[in-house]
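Shared chain: subunit A. Partners: subunit B in the first complex, subunit C in the second.
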Partner chain A sequence: MKRASRSSDTVSWFAIRKPLPGERRLLLTVLSFVLPLALWCLVSYVPFIWHPDIKLTVAADREGVTTVYTAGDHVARSYFDEYANAVRRENEAVQAGEGTTRSGFSARRNNVKILRAVAPLAIEQGWISENQVTDNAAIFDVWEGLATGRLVSEKPELTPENLAIVQEDWQTLQAHWAEDPEHEMPSDPLLKLIPQGRLSNPVYLPEPHAVLLTGWKDWNAEPAEGRPSLPERYRHSLYIVFSGFFLAALAGVPIGILSGTYDFFSKLFEPFIDFFRYMPAPAFSTLLVAIFLAHDAPKIALVFVGTFFQLVLVVANTTRQLDYSLLEAAQTLGAKRLDLLRRVILPGITPSLYNDLRILLGWAWTWLVIAELIGVKSGLTEVIETQGRWRNFESVFPVIILIGLTGFFTDQLLANLRPLLFPWTPEAIGQKQGPLVRFYRWVTDQQVYVRDDKPTTSDPA
Partner chain B sequence: MNNPIASWFRRAGLAALTLMVGAVASLSAKEPLKIAYSDWPGWVAWEIGIKKGWFEEEGVDVDFLWFDYVASMDAYVAGNVDAVCMTNGDALVTGATGKPSVGIILNDFSNGNDMVVAAPGIDSIQDLKGKKVGLEEGFVEHLMFLTALKKAGMNPSDVTIVNTPTNETPQVLASGAVDAIAAWQPNSGQALKTVAGSQPIFTSADAPGIIYDLLYVSPESLESRRDDWMKVTKVWYRIVDYLQDESNFDEALAILASRVSVDPAEYEPFFQGTYILSYDEAMERWQDASGLDSVYGSSRAVDAFNRSVGVYSERQDIQKYLDPSLTEALDQ
Partner chain C sequence: MSDHLDLPDYREQSPEVAARFASIRQRPVKLEVCGLEKRFHSPEGERVVLQDISFKAHRREFISIIGPSGCGKSTLIRILAGLETISGGDVLLEGNAVKGPSRERGMVFQGYTLFPWLTVKKNVMFGLEVSGRSGPAVESEAMDWINLVGLARYANAYPSELSGGMKQRVAIARSLANQPQILFMDEPFGALDAQTRAQMQAYLLQIWKNVDVTILFVTHDLDEAIYLSDRILVLKANPGEIQEFIEVPVPRPRDPEQFISPTFLATKNRLEHLIHPRQPGQEQARLPITKMTAAGDEVE
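After this line comes the complex of A and B, so read on.
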């Protein structure tokens, strides 16, 4: 076999329980991220694969219909023609002088809305800025430009049908303004632009570039007065997770170690904790709001409740895993009860404890979204929740990805720190170290320490 | 009496009590008024007063807390806030089952924003026979839906109610798990957009005056800090005056839309479904009369209704729930 013969000089890609060489591992790690991304791009950018919707670039209201679409909304392809035709029929009625009659503010407002239908397009073309949407003079300028051909929209193009409507409306406005030097809106209805758009996937699967751009924009956006910006929200979410986790560890680690060491504490605490951990933490949310009011405290408490009980049991179990012969050896050497705990058990379990806490930190993150929803919504979750409710998934995805990246990198960092913090553990000794670790080792001269076989645990009392 | 130890205890107890009362009094004097509000357009309008700094101008310290609607009432019942924005019907439910409150400001009535939105193919309430409807049980949309059934000559047993949080109704309708939902804007509008071809088959405009929106204050807070609530009332009518000036329309829309993180153009139709009452209009509806044109008449109708469908059993004293005296004292 080809594969077998090759494995004699180099390791096969599929060798059973054999680590691959470093460059192959790196390649596969990169691929594990690239593959899903490539799939996402494929579905997003190749139109004939899916694209069941039309994303509106120009939208229009319909008379007497409560459903209001704005540019950026998605409409099913099958429904789009019905929608566009409804607007066409209204225009025909207006041309025939049979349009819905309005008066006063409502009539003028209706026309203002018709004119502003070009705003999203004008923003995309860079003709006006985002806060000029309500600036009538700027909007008039765009209409004048489009009608005279001074401005030509590219990508998305204005359909010839819409271009004709722009010209006709502009003439109506000119005629009206000839008699009205104030440039007020006429009260007779103008023609509406016919909705147009481009093929797209459903709203819940935005394109990668849209996610990136929106994420970048949201991250740098100036928030409305008195509301937190995205970086502030991020910091707030980190604060909730780490506070809840820190408190849970502060209370849980001692109880866990005691329970793992003394049967007395184990029987005193563990049965109840084992019972309590099955109660889902979110079930306590209204109770927590009643006790801790509506701001940060109930959120931190929820992360605490969600983490603490698991933590105690895991830590107790880890403590029990410690090799009993170490305790016997220490006792033979004359260690007293407290010495055993302080100088054998604690140093003995610290590396495993570190690992436990790393995993439980991930556990704490999973409570974040539920925690931030209780009481007054806050942090990143508020963005996920409100933007999700408005189906602005382009703004939701970056936040979800941000949470994922934070968790991933925190975990990677902690995992990489482990051999530095606990160089005597078998995993650390067996592992090949990166240049940074080797440099650190060299600076701190820990090589000596490593060679010394289990220095802490064999340390006589 | 002459026992020195007992008398010492009594005196110490008295001193402690005085200290506690003093502490509570001084604390409550400094505390801002905590008001819970949620995403109903008539209540989001408070944002104008907040953004413009009118509360500071009137010299009242307020803390507006943003909640989901049902969560805001929970917070009120738990005593976390001094006041909450509720409909007149839900104030009765909250009062009968949790904590009573007094409505002092009549913001608006729902004029179409509350809707029963049905999936494509269902064109009337009658079509819902034997079908599933998603709504938040025991609250305002439930009341509206049962009213719709009654008007259509149907019984509550003709449909299956699926208890659904109002802010999740759009997704639930889209999932096909129910055939219709009842919700208010922005959720109802979202449902309409999410499910192409869906349409409102009944709205609050079909039963105007069935839903009034008010600011309900806890009786304790109203008694101890009446002056501050008076100032809040003043700010509300500044907001109403501001909204009535059409040149402010775009700015107002931007403030409201930003609170609920939505595009102003998208928010505009919600305003049409909310009839914000001017001072004079509000005073008319504060008159105690039968019929839905009066907030009293409306509340009585809702009370009778709630009892008939078993939301609670005891008749509520409507007079205790409504206090127009602050609005009256403003006398513009």
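After this line comes the complex of A and C, so read on.
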């Protein structure tokens, strides 16, 4: 009995076309963001879920194999053991005195490479800086520290096997340097560090924290000489999108309204525009570069071409949607041609027009990447392009997310401004009005809240 | 309906009513329609919707137009308002042929046609502003009209905040603010519930009493037509022609109690007869039984 009465006054989660109560709506909205994020975290941080790769923290070169791995590279889990064992076998050969046939300079250079294998680890630990990788003295210092236990690597730790190799190599070096006052490299081969790594997902799925940290680091990074920083690139991208969109709206809205109002303009413009919009905007990229030359002009033009034609058609359609009886009513009140346009059509369509422009702004964003690729690559897209090529996806994702967030928040902002701008629409009136809305209404029309309660003069009774 | 009752002839007029009609006929003619014809072109060919419509409306007269659905009432009133073209014949306003809509001929539609982006007051000011006037005088004039329809409290509300009846009152005020010669109304209360409707009828009579305006009122509600009008124009369908132009014998001022007076019922009886003529033998058309009923479900 109790259960029956409960179910009757709570709405089902799956009631057809019934709005859910506020708290449930909020919960679901939050979940719609949290769920994909949680899934990403799950796949990234629970080791046994996927992790088909091993990300190297210590790499080694193999004799006679052309593929060169460095720390940070991914190798397939199935291949990793083969790789490590191959290096181990090379070390055994060295210990057995069978070494390589290298001699002199080449052998010494090879030994330097072996010593530098600890560099990524040392950078990670903060022992040396990134431009000390080729600084032999600094590298020697790291080896000495590791061998004597003065330096201990944490996260990643050095395996006992590798620690033993470090100590053995250090002794070899000490022995050699005792005889060689020049502190030259020995020409006998040193032992190689065995490749080490940790489980990881493929490069294209970096971990959330890596994306966040890299994004933050890239955002604040000093750009190379003469190159724009990430915030500068962001502003440039915004500039391209908004200029293209603004120009398209500037030209498209009047044409759209004219086409929606007068059949003359509709028949004159729309058939061609309808045809033109089926030609993909990127197809014009080289043409636009030829016309507008370098810099931003062809990019803005591409956003324009991609947006303008749709915009005209959408605006024309919106104009035609205006209730014709409003025009008839205005005519019986004495409104003539221009009055109809100015006093009925324009105010009548603005709320829908506003929505159209909001949607088309989203459309303009989709052209950004292609626009920035044409001519000289620029803006955020250049980062996506180059970092993507180097497979630095933890630098690519923040940029993509930045674009997404910008579009999302502009749209949300515009949607929230709508009831402020159009307080007369039913949505705005049905809505509980926040202080901001009430203030806006008061500013635009001080009379709104002054309603005199005089008794009505004509009472039919 | 009340065939069995002993009703007077609807053409019999009491001396006051007869005198009133005599005085109305003395008034100048506001609107004259001569041999009006309307044809619509459709894929199946031409269709005559209105044919040979001729009548006159005098100053401050209240005329209702009734007829079966689809007979062309809306078409007629839209032609008179200038929203539809004429296929033949003439429409004269004070002797001048009309062309297109104008502020001389106001119109209230069945659907709500207030401008949603304007407040009640701005809606009422619309016609005045369009005619090039502005300033506080216009505003106070608009407020007078809003007062007349009893909506002073809502002067600054937007239309979407009003009920259907209030919207139509604003629409009436908006049309009247232009001080038109003639006001056309196409089923203005059609979408309202019965109670609001009755209220609105009372309002309309009250307003009409205070304003110098001729009203042409389309309705399909016979009570409404009799209650409001001086004369009732009855159309028949296919093609739409004038069947009869009835002088309502119910004395003024009108009152809801008259709904059951003999003259009222006689008029209504006549209208019923004109709109739904009864043919012998056709009275009890049998409906197919679509659902079996169980014993004991007898309802009659």
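Note that the second predicted complex is superposed on the first by the 366 of 461 C-alpha atoms of A that agree within 3 Å, B and C clash if a C-alpha of one lies under 4 Å from a C-alpha of the other, contacts with A are read in each partner's own complex, and residues count from 1 in each chain.
The definition used in the following text is that contacts are C-beta pairs under 8 Å (C-beta built on N, C-alpha and C of every residue); 3 or more make two chains touch, one makes a residue touch a chain.
Quick caveat, the model's predicted, so the values are computed rather than measured.
In the superposed model, A:293 makes contact with subunit B only, not with subunit C.
In the superposition on chain A, A:66 makes contact with subunit B only, not with subunit C.
In the superposition on chain A, contact is made by A:386 with subunit B only, not with subunit C. By the touch criterion stated above, A:115 is placed in contact with neither subunit B nor subunit C.
Once the two complexes are laid over each other on the shared chain, residue contacts for A:194 go to neither subunit B nor subunit C. In the superposition on chain A, contact of A:339 is made with subunit C only, not with subunit B. In the superposition on chain A, contact of A:54 is made with neither subunit B nor subunit C. Across the superposed pair, subunit B and subunit C touch subunit A at no common residue.
Subunit B meets subunit A in the complex at residues 50-51, 65-68, 71, 74-75, 78, 80-81, 112, 115, 167, 170, 186-190, 192-194, 196-200, 203, 246, 249-251, 254, 258-266, 268-269.
The part of subunit C that touches subunit A in the complex is made up of residues 81-83, 100-103, 105-107, 109, 111, 113, 115-119, 126-127, 129-131, 147-161, 171, 174-175, 178, 184, 199, 202-203, 205-207, 210.
Remark: subunit A residues 323, 325-326, 328-336, 339, 343-344, 347-348, 350, 422-426, 429, 445, 447-454, 456-461 touch subunit C in the complex. Those residues of subunit A that touch subunit B in the complex are listed here as 61, 66-70, 72-73, 75-76, 78-79, 105, 109, 113, 116, 133-134, 224-226, 286, 289-290, 293-294, 375-377, 386-387, 389-391.
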